[in-house]
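The first chain written gets the first letter, and so on, giving A, B, C, D and E; residue counts start at 1 in each chain.
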Amino acid sequence: MLEIAGLEKSFGEVQVLKSIDLKVQEGELVFVIGPSGSGKSTMLRCCNRLEEPTSGSIFIDGQRITDIPHRDLDRMRLKVGMVFQGFNLYPQMSVLKNVMLAQVKALKRSKAEAEARALEMLDQVGLKHKAGAMPAELSGGQQQRVAIARALALDPQVMLFDEPTSALDPELVGSVLKVMKGLREKGMTMLVVSHEMQFAREAADRVVFMDQGYVAEQGTPEEIFGAPKSERLKTFLSRVSHGDVEAEAD
Amino acid sequence: MDTFIQTFFNIDIMMQAFPLLMKGAVMTLKLCAVVILCGLTGGLMLALAALSPRRFLRWSAIGFIDLFRALPPLVLLVFVYSGLPFAGIRLAPFWAVVIAFFLNNSAYFAEVFRAGINAVPKGQTEAARATGLSGPQTLIHVVLPQAIRNVLPDLLSNTVEVVKLTSLASVVSLSELLYNANMARSVTYNSSPLVLAAGMYLVLLWPLVRVVSRYQRGLSSSH
Amino acid sequence: ETPGEIAPIKEGGYSVALDGTFAPHAFPSLDGTIQGFNVDLAAAIGKKLGVPVKVTAAQFSGLIPALQAGTYDFLVAPTTVTEERAQNLLFTEGFMDTNFRFVVPKGSDEAKYTSLEDFKGKTIAVNKGSVYERFLEGKADEMGWKVVSFGTNTDAIQAVTSGRADANMAGATVSAWAVKKNPQIELSYEYPTGLVWGLPFRKDDAATRNLVDSVLECLKTDGTMAALSEKWFSVTPAKGSTLITPTPGYGTPGFDGYDPTEHEITCKF
Amino acid sequence: MRFLETFFNGQVILNYLPDLVHAMGVTLGLAAATIVTGILCGAALACLRVAGLKVVNFFIIVFADIMRALPPLVLIMILFFGMSSLGLNLSGWTVIYIVLSLVLAAFSEEIFWGGLTSIPAGQWEAGRATGLSRAQTLFHITFPQAARRGIPPLVNRVLATTKLTALGSVIGVKEILSVSSSAQSFSGSATPLTMAAIAYLIIFIPAVILSHWIERRYHFAT
Amino acid sequence: MLEIAGLEKSFGEVQVLKSIDLKVQEGELVFVIGPSGSGKSTMLRCCNRLEEPTSGSIFIDGQRITDIPHRDLDRMRLKVGMVFQGFNLYPQMSVLKNVMLAQVKALKRSKAEAEARALEMLDQVGLKHKAGAMPAELSGGQQQRVAIARALALDPQVMLFDEPTSALDPELVGSVLKVMKGLREKGMTMLVVSHEMQFAREAADRVVFMDQGYVAEQGTPEEIFGAPKSERLKTFLSRVSHGDVEAEAD
């Protein structure tokens, strides 16, 4: 479904991604973990060309998206749903309008159709009753679920999540993860950058560990968490799971 | 085309008018110095009053701001200069201008400051108060520097306006740049002095305007 | 107030004002000082009274309120005496006649016009708030001309030179001066009005008005006015013209505020 | 009571009321036309600037700088007298309208642009990631936010610029100040000035109140 | 050291704190947990009168601070250090200036003295080398440690922490908790609102569970986590620890 081959990306002099290869099968949920600055977000953003790859190819559903001309980008992006750490709901529109906007403007759905679909998606994330609310009136967890509904309403073939819960209070994380689990059960293909190890253990089909612009290790959750091979992954896991042991490298 | 150049870009006449215009420019600068300073201070005080939790103070300040933003400065100036004497207050022209513009500018500046202060997160005040800083200390050291940074472009824009506004001072016989240009024009029957005055305003204000834009670019790159 | 009362001379002198963009009555030299007929007139008044007269130049919009507020003792701007103004201000007797004169582009047909009717259908530029504007507006329907008014007479003349208007109308002296200074225009028809220019005072200050009125009478008779006219207008006043003929009483006869008290003409104050 | 007689003379008020009411209409019309044109042009320029075309942006910046730095009176004189010596006769009303619109356009362009640059990148990305085009994202998402952020300074500018309609008196536009200073001179009374002040208050106080309402209405938490 | 007795607080009609009693002994580290909206922050903020209590008393070091007149509040607040979720560093000042400001302005220390003390405190939180940096140049974890140093520099008798790590990336949490642990070893009295259960288990002397404006349960970490009595606490603990099971109550 999603295939990344030899992906490289530099910002000016700095090479952030150094040859990434990664496949996500249809219906698979792949988790990406790794230290800050290892290039997780950049890789994700390359997958819908929010960043332009420096070299390498990315295929979605067999179509090579890395050489699509700019004027066709918008159409391609409809196939890829993306959820950001910061939600990025449009503060000036109601929840319903947030979910409808791209349906009407990019997919050219009729208003009625878009509204029906929006309500359906809001229902799926458990927020149908908040359709009329403004984003600022929602908790972080609710905002993130709206962001998910917004992406889903466009019927994407793949969903990309960039740390969808890291800006949330602990109590609010659960509701978002629950929605993601629901998606998985419905067979959505998902690539998720996140530090929710517990969730990764339970729900992920595969876990990818990125380090310094490479895919350093990958495998089933059991392999990655139960029997990490590289030193770097071991250190990383211990740091993340007991937040208390090591000082951050300054 | 020739008449156009003769009427607007006559170098000889510009040269003749230059000393007179320079005198005007000096008066304009003097006025600006005082007027801008007063406007900024008054605006800040008003903004604080308009944000005060005390109802009476707040509403008075808001009323003041709205009233003086609605009155044209020229009318205000004539009233200050010629109305106050009826109340037994006779002001020198310079001070009449200063007071009238103080009323007008501080209202405008107050709106700018108010927006700036509102944009400083509440947490900043709380953090400062929690470390034992007093209200005024918090304002001076923590809130205001951030508020001013938030609205620096607007402050400068407003300042540019104030400089241009000083041309009204001629109503009360202060011969500033624009009035002197008009005088020169009435002697020479030629508009070149006005163009020269425009040039002087440009020299005076362009740097300011540039700073505003530069600053805005700075803001955008830090986002 | 008693009619004919004359105020004592003010110790510290007088503060007077005029609009400084009104050549040849008051206009700047390029070094920034104000000169002109009315500036000299103010100085002559001061000399006769033996006290200084301080002349301030300001934009016209500020003059009248400041006079009313007592900032100025009186105005030395040439102000046409009209009925309406006389209701709010006191005037001295006219210090000179004010005729209206058209100014037109050099070499144009309009230069040969000899009556108001000739200007039918033309666009005429005029100084806003002046009696000329009033006059032209009042006759606009009858004469079928179009009036455009400007902040200053300089602008009105520029409207003629730049082709926005066919003619300008102003006081005869002002028009003559403009033509002298500006090669693009020439004089046209002069309309005799029978109106005069006087100096405005506050309504409640008749005593000072009377004082200055008497000074004007003195200046008219002792040759000062004639000399000023030659200096600024290059015109020797005709016998019987207001410039050299005192008017009986105080103020302008026929207008509000006229005080017919008879008195001697004297130059001793 | 000379004060009352000077500034509130009943006879003078009666004489000039009709003229002044008419002038209020002129001022209002001029102000409304200026606001609409100025803000629309400013918004259009700011949006154009987003496209990032170097040459275009250079001209926008120069335009905005000059319009903000030059006293509008000078522009008015040049456009009114200068253009007619080049054979283009614009009416006084048109000249004021053009100049004030340009000035307001320059200021509002800067305000909108400032607002646009302060919108978090995430908003752009969210729009683009859901398949909206650049123009759509600008139009539906970022510009509305920028405009709302710009409301307070914009209101300041709009008030200041529309009060500049008083410059119309210089070139014979019969707006409030022009009519009142004529009246002042005709009557020899300062009362018309009071009338002008009141006329301005009648127009601008509701405008200020409306602006407060707009500010509240379009304020949203972010 | 810190004693809260019968504390009540209403916002308008809504009573947020309904009679709170709590004692923190000298050198004790007390943890406060509880669902969102239960009044934890409000209670903390009452302790240095950022909120005015509606009724009840609070004593610090034997002094009743609830009836101190307003003009003396600033002096009292110096005794209570407070660290917020949002760090709230002053963005326009360098790190050093941040730590010096209140020392100079409120404590009236000389600049030299304040600077020495600031550097000492920055050293204690491991950030002496960042003294010249601006807050925006620091990671969240570093910013939070500066905020702690800023509070410590005033020699407070009690430190209050309101969710000091909840705005931090997981990897950055450790460094902040390490600093807090250090403080505990030095004998600082601390009252901490936080969801870092792992840390609470290891470091807390006592854990207080707040619910709906009451102290619902309290005890040693073993008691609270090992043998929760009330239903509410049990549900709460299961929600927080496995973020995936329950949807947030909307």
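The rule is simple: a contact is a pair of C-beta atoms (placed from the backbone, for glycine too) under 8 Å apart; a residue touches a chain by one contact, two chains touch by 3 or more.
According to UniProt, the chain labels map to these proteins: A, E = ATP-binding cassette domain-containing protein; B, D = ABC transporter permease subunit.
Just so it is clear, the model here is predicted, and its values are computed rather than measured.
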item	value
Chains linked by the largest number of contacting C-beta pairs	B-D
Most remote chain, CA-based centroid, reference being subunit E	C
Whole-Å separation of chain centres (CA-atom averages), subunit B against subunit C	37
Interchain centroid distance [CA atoms averaged], subunit D/subunit E, Å	51
Length of the line joining the C-alpha centres of subunit B and subunit D, rounded to whole Å	17
Approximate Å spacing (C-alpha centroids) for the pair subunit A, subunit D	46
For subunit E, residues contacting two or more additional chains	none
Multi-partner residues of subunit B (each touching 2 or more other chains)	3, 7, 74, 78-79, 82-83, 86, 191
Sites on subunit C at which at least two other chains make contact	61, 65, 68-69, 158, 161-162
Parts of subunit C lying in touch with subunit B, wherever the complex brings them together	17, 20-23, 27-32, 56-59, 61-62, 65-66, 68-71, 152-154, 157-158, 161-162, 178, 181-182
Footprint of subunit D on subunit B - complex, ascending	1, 3-4, 7-8, 66-67, 69-76, 78-79, 82-83, 86, 108, 111-112, 114-115, 151, 153-154, 157-158, 160-161, 164, 167, 178, 191, 194-195, 197-198, 201-202, 205-206, 208-210, 212-213, 216-217, 219-220, 223
Complex interface listing, subunit B residues touching subunit C	3, 7, 16-17, 19-20, 23, 74, 77-79, 81-86, 90, 170-173, 175, 179-180, 182-189, 191
Interface residues, subunit C side, partner subunit D - complex	60-61, 64-65, 68-69, 79, 82, 84-89, 128-130, 133-134, 148-151, 155, 158-159, 161-164, 200, 202-204
List of subunit D residues in touch with subunit B within their complex	2-3, 6-7, 61, 64-66, 68-74, 77-78, 81-82, 85-86, 107, 110-111, 113-114, 117-118, 120-121, 152-153, 155-157, 159-160, 163, 166, 177, 190, 193, 196-197, 200-201, 203-205, 207-209, 212
